[in-house]
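In what comes next, chain A is part of two complexes: it sits with chain B in the first one and with chain C in the second one.
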Partner chain A sequence: MKRLALAAAVVVLAAAPLWVGGTYYVNVASQILVYAIFALGINVLVGYAGLVTLGHAGLFGIAAYAAARVMNGGAGHVTVAVVALAVTLAAAAVFAALALRGTGLGFVMITVALGQIVWGVAYRWISLTNGDNGVSVTGRPRPLGLSLASPAAFYWATLVVFLVTVAAMAVFVASPFGVSLRGTRDQPRRMNALGYHVWMIRFLAFLFSGLWSGVAGLLYLYYNQFVSPQAVALTASAEALLMVISGGTGTLLGPIVGAALVVVIKNVASAYIERWNFVLGAIFVLIVVFMPDGLVPGTVRFWRWLTAARRPAAPAAVAPAGD
Partner chain B sequence: MSLWLVLAVNSVTLGGLLFLLSAGFSLIFGLMRIPNLTHGSFFMLGAYLATALIRRGFDFWSAAVVAGLLVAVFGGVVERLILRRLPGAELAQVLVTLGLSFMVADVCLMVWTGDPIQIETPRALRGTTAVGSLAFPTYRLAISFIAVVSAAGLWALLDRTRLGAMIRAGVDDPAMARVVGVRVSRLFTIVFCLGAWLAGFAGVIGGPILSVYPGLDQEMLPLALVVVILGGSGSLLGSLVGSFVVGFLYNFGQAMLPELAYVVLFLPMLVVLVVRPEGLFGRQAL
Partner chain C sequence: MVLTVSRRSFLVGGAALAATWPLPAFAQGKPVKIGLLTVKTGPLAQGGIQMEQGIVRFLKDRNYTLAGRKAELVVGDTGGNPAGTKTKIQELVERDNVDLIVGPLAAFELLAITDYAAQAKMPILSLAAAEDMTQRKPNPYFVRASATSSQFMHPMADYAAKELKFKRVITISEDFAFGHEQMAGFQRVFEDAGGRVVKKLWPPLVTPDYTPYIAQLSGVDAVVQGFAGSNPLKFMKQYKDAGLKLPVLGGAPACDEALLKSFGDEAIGVISCSAYAGDLDTPSNKRLIEGMVRDHGNIPGLYAAGLYINGMVAEAALEKTGGRTDDKEALIKALRAVSLTDTPRGPFRFDHFGNVIGNFYIRRCEKKGDKLVNTTIKTYKDVSQFWTYDEKWFLAQPVYSRDYPPLRS
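For the complex of A and B:
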């Protein structure tokens, strides 16, 4: 049953360019997939490691900037991807080594500061990043000789990467490492007493999270053909965090739903009103106050409450929300 | 006057402003464990409100005090209505304060548009003051003076009064403070309003130097974060030392390595994190 639903979902997603209608919507769908990959990467830290990060747009942007610089240097697309991801991983290692000096709030503050450093470099170090004007590139890669120039082709390529990401996440969550990571989230001291190296587990999780942020950053560059300091601003980190939180942390589906929600609202809202930031802030406040565990678990709870209200004799649901 | 001296005076001035901003941030963080990401917005909101008040005929100083009070009221409302509902939920507090900062920034953009607004220097403080053979801009000296007086005032409040003793008790051990009869929840509101007041006031008196523009909040917030990480949360002395370190680094960094000014600013923070994660004067790890 679950497999059937999964297969159906993949088919629906793969057919999206045929049913959404119009290149505009295909492009929105591509954006959703790119941000879903980013949100899934952040969810490794926020959901499974219990470490809230507000600096991941920095990693996302480092991948995009590194790729843009290498691409404008005339390198081939394989080199571009390898260099971009290697640079992102190195940056993630530095970020992790510093941010893991603190836990809880300290971790959040350090990631904010690190993200702002990346923003400062992107904005001010003009010889490297071209400052506020950003860096443009031309051309998307041609894997196996297929052109990705059309929106639908790019969507399908992104979908393949997205499915790989989801599969990697599913394997990661179910793996012993994923279980031990959740252990460090819930009971760091006990995990330590049991002989686990809590710091190293968190460090590796940070790298894994950074890697997928880098993949998303690379796709972002291919999609927009442009990257500017806006991509690494605190707002970008906050938006990505909102995707994870609004969908529901620590679930596989949550960040994907959240990414779809935020991208759609952003596109719809910016078509009607200029005040996207106000809407973003208001959504933050409303979700935190009224649906603190996110839309997916929140909706599940709401549904249970509804059905329980309709059938008062039914036994109270005790099944925990999906992990 | 040589370039170095100009830079040093500017650094002291910025350090003074940063102290006003970060002392509140540090107290809120130390006492309530709330990472108040709206603190930069308080700073900007104070400055914008003052421009509106000055246009309505207030003079500079009364505008500074009233704008600070309005920001304090806003802070109190935020604390009572929203943060009060989220005790101990750090993630939720981060998100709510961040969301509020976006909303404040957007409202300010809507009301005061995107053009920078310059607050005029109060007439009595224009020009320069001669100290020995050197001439210093009077207003910058005044800001440094205000910062020193505020530091002394805050120190006296925290160290010499009953309220200060209760706040210190709350920072050290909130549970124990409750047990001995301190109403920690009321302290929370007082400290939050005080922090908001200081930030709003700092925004106003910083106005003649920095002017007010959209994005000022996002520029000041990381500076306050660095100060608190450097100095240690909940420590007044830490805020003071951290503010001046950051003030000097920012000005000298911008003069000497303009492209890397932002990175230079964060380097000492990274060193402190590696060597002493609780901050120079902090007692507990962040």
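For the complex of A and C:
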């Protein structure tokens, strides 16, 4: 049943360019996928490690900037991707080594500071990053000779990366490492007493999270063909964190739903509602008030409550299949 | 029955435009769609909203009809960030099928979409001042009727050196590309005329307090400030509170007409240079000011006037193509060939990069009655983005930046 639903979801997603109606919406869908990958990466730390980060736009941006620089240096797209992800991983290692000196608020503050350093470099190291004018690139890669220039082709390529990300996340969460990571979130001292190296587990989780942020950054660059300091600003980190929190931390579906929510409101609703910031803010407030654990867990809870309430009234309507 | 009659009148109307005859009459019946990219939320919103007021004012003046076609405005709020601008231009081009785009406001927004716009062959009429858009990295579908960042600072520097006889100045401007380019342009012309920039100060774009910077302003003939948005208000207030008496020179946004109602007496005496002058005596400027005061209760500044002028450029080009917008090559050619005399900024034309060659006005801020006004004290005619320099030489130099030209020690 679950597999069937999954397959149906993949088919619906893959067919999106055929039913969303127009290239503009295909592009919005691509953006949702890019940000969903980013949010899934952040969710590794926020959801499963219990470490709230406000600096991941830095890693996202490092990947985009590194890719842009290498691409403008004339390198091929394979080199671009490899270098960008390697640089991002190295940066994530530095970030992790510094940030993991603290937990809780201390960790948040260090990630903010690190993100701001990246922003400062992007903004002020003009010879490297071209300052606030940003770096432009031309051309998207052609994997296996297929052009990604058209919106639909780019969407499908992003979808493939997205599905790989989701699969990687699913494997990660179910793996012994994922379980031990959740252990360090809930009972760090006990984990330590059991002989787990808490710091190393968190460090590796940070790298894993940074890697997917980098993948998203790379896709962002290919999508926009442009990167500028706004992409690494604190607001970008905060927005991504909001995607995770509003969708539901520590779930696979949550960050995806959150990314879709934010991207749709930012891009589509803003065409109709002048005060779209207000709408976004109001929605966050509503989520916090009524579904404090996020949209996905909140909806699941709501659904259970609903079916439980209906059960005595109309027992026949409830399917016997368990959850 | 009614339907056929209106159909026929369509055809008659279409036949009048001989040039467009091969086109089905239906296409001419479609309105010409103008996309506006502007910032309606965030710190840049004030200028962005004035942009919208300017273009709406223009379309109202023309009764939403340009070159015989109905005109329609589609507004996209970029939120003042590059990725948002990219999405919005895609929306305007791919979903709304606009015929041309006016805006965006900021250089970093424009730079994010220039490649896309060139690919889509979408004409863009922007206020954004990024130098290289019409210099070292030109976009063939770009038209700028306002100015490059340095285009108004060149005459300002000339005036400071030759008329005001200033020898030494300190520059202070926001630490972003627009500020850098303005001050660098001032420095080159000022130093070539024998003056000297002794210090360049760069407060961040969002600074609550300019006191540490203001404390460094001394030992010179004048201060040159290139602030934009609402920062000139903050800066001038603190400048006066610190008791400084040095003359203040500024760029176009530093003493913009739209800010005058918010300034106190501290702005009196500020000399600035802009592509627009509120006291310019042309019929279109009068109509613009009257309309803006009637609709919004405030006189227009550079943002509103700039968009009004962009509307006039679009109209002139459409008249030349007979209202046709389907041939983008012809449209951009017509846009760049536009040469107008009666506009709110006076006569102007475009160079082969699509950048304006027009008048620039040196204005002094004065108090008339209980109101502040900018009084034009000198007009520099037909100023090009290259000032008096040779184009080839100019383009061979690095683009103006924070560190170029360097300070002379």
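Criterion: the second predicted complex is superposed on the first by the 285 of 323 C-alpha atoms of A that agree within 3 Å, B and C clash if a C-alpha of one lies under 4 Å from a C-alpha of the other, contacts with A are read in each partner's own complex, and residues count from 1 in each chain.
Assume a contact is a pair of C-beta atoms (placed from the backbone, for glycine too) under 8 Å apart; a residue touches a chain by one contact, two chains touch by 3 or more.
Just so we're clear, the structure is a prediction, and the values are computed from it rather than from any experiment.
**Q** In the superposed arrangement, does A:Asn277 touch chain B (first), chain C (second), both or neither?
**A** Both: A:Asn277 reaches chain B and chain C.
**Q** Looking at the overlay, what does A:Gly22 touch: chain B (first), chain C (second), both, or neither?
**A** second
**Q** Please work out whether A:Arg190 is in contact with chain B alone, chain C alone, both, or neither, and reply first, second, both or neither.
**A** A:Arg190 sits against neither chain B nor chain C.
**Q** Just chain B (first), just chain C (second), both, or neither: which does A:Val121 touch?
**A** first
**Q** According to the contact criterion defined above, which of chain B and chain C contacts more residues of chain A?
**A** Ranking chain B and chain C by residues of chain A touched puts B first.
**Q** Quick one: classify A:Arg142 as touching chain B (first), chain C (second), both or neither.
**A** Touch partners of A:Arg142: none, neither chain B nor chain C.
**Q** Look at A:Val52 in the shared chain and tell me whether it touches chain B only, chain C only, both, or neither; answer first, second, both or neither.
**A** In the superposition, A:Val52 touches chain B alone.
**Q** Could you pull out which residues of chain A sit against chain B in one structure and against chain C in the other?
**A** Touching chain B and chain C on chain A: residues 124, 126, 275, 277.
**Q** Can you name the residues of chain C that touch chain A in the complex?
**A** 40-41, 76-77, 79, 81-84, 86-88, 90-91, 94-95, 107-108, 111-112, 114-116, 130, 175-177, 180, 401-403
**Q** Which stretch or stretches of chain A touch chain C in the complex?
**A** 22-25, 27-28, 31, 124, 126, 131-134, 136, 138, 151, 220, 224-226, 228, 230-231, 266-267, 270-271, 274-277
**Q** Help me check something: in the complex, which residues belonging to chain A touch chain B?
**A** Against chain B, the touching part of chain A is residues 46, 52, 54, 98, 101-106, 108-110, 112-114, 116-117, 119-121, 123-128, 233-235, 238, 241-242, 245, 275, 277-278, 280-285, 287-289, 292.
**Q** Within their complex, state which residues of chain B touch chain A.
**A** Contact set of chain B toward chain A: 29, 33, 35, 37, 82, 85-86, 89-92, 94-96, 98-103, 105-107, 110, 218, 221-222, 225-226, 228-229, 258-263, 265-266, 269-270, 273-274, 277, 285-286.
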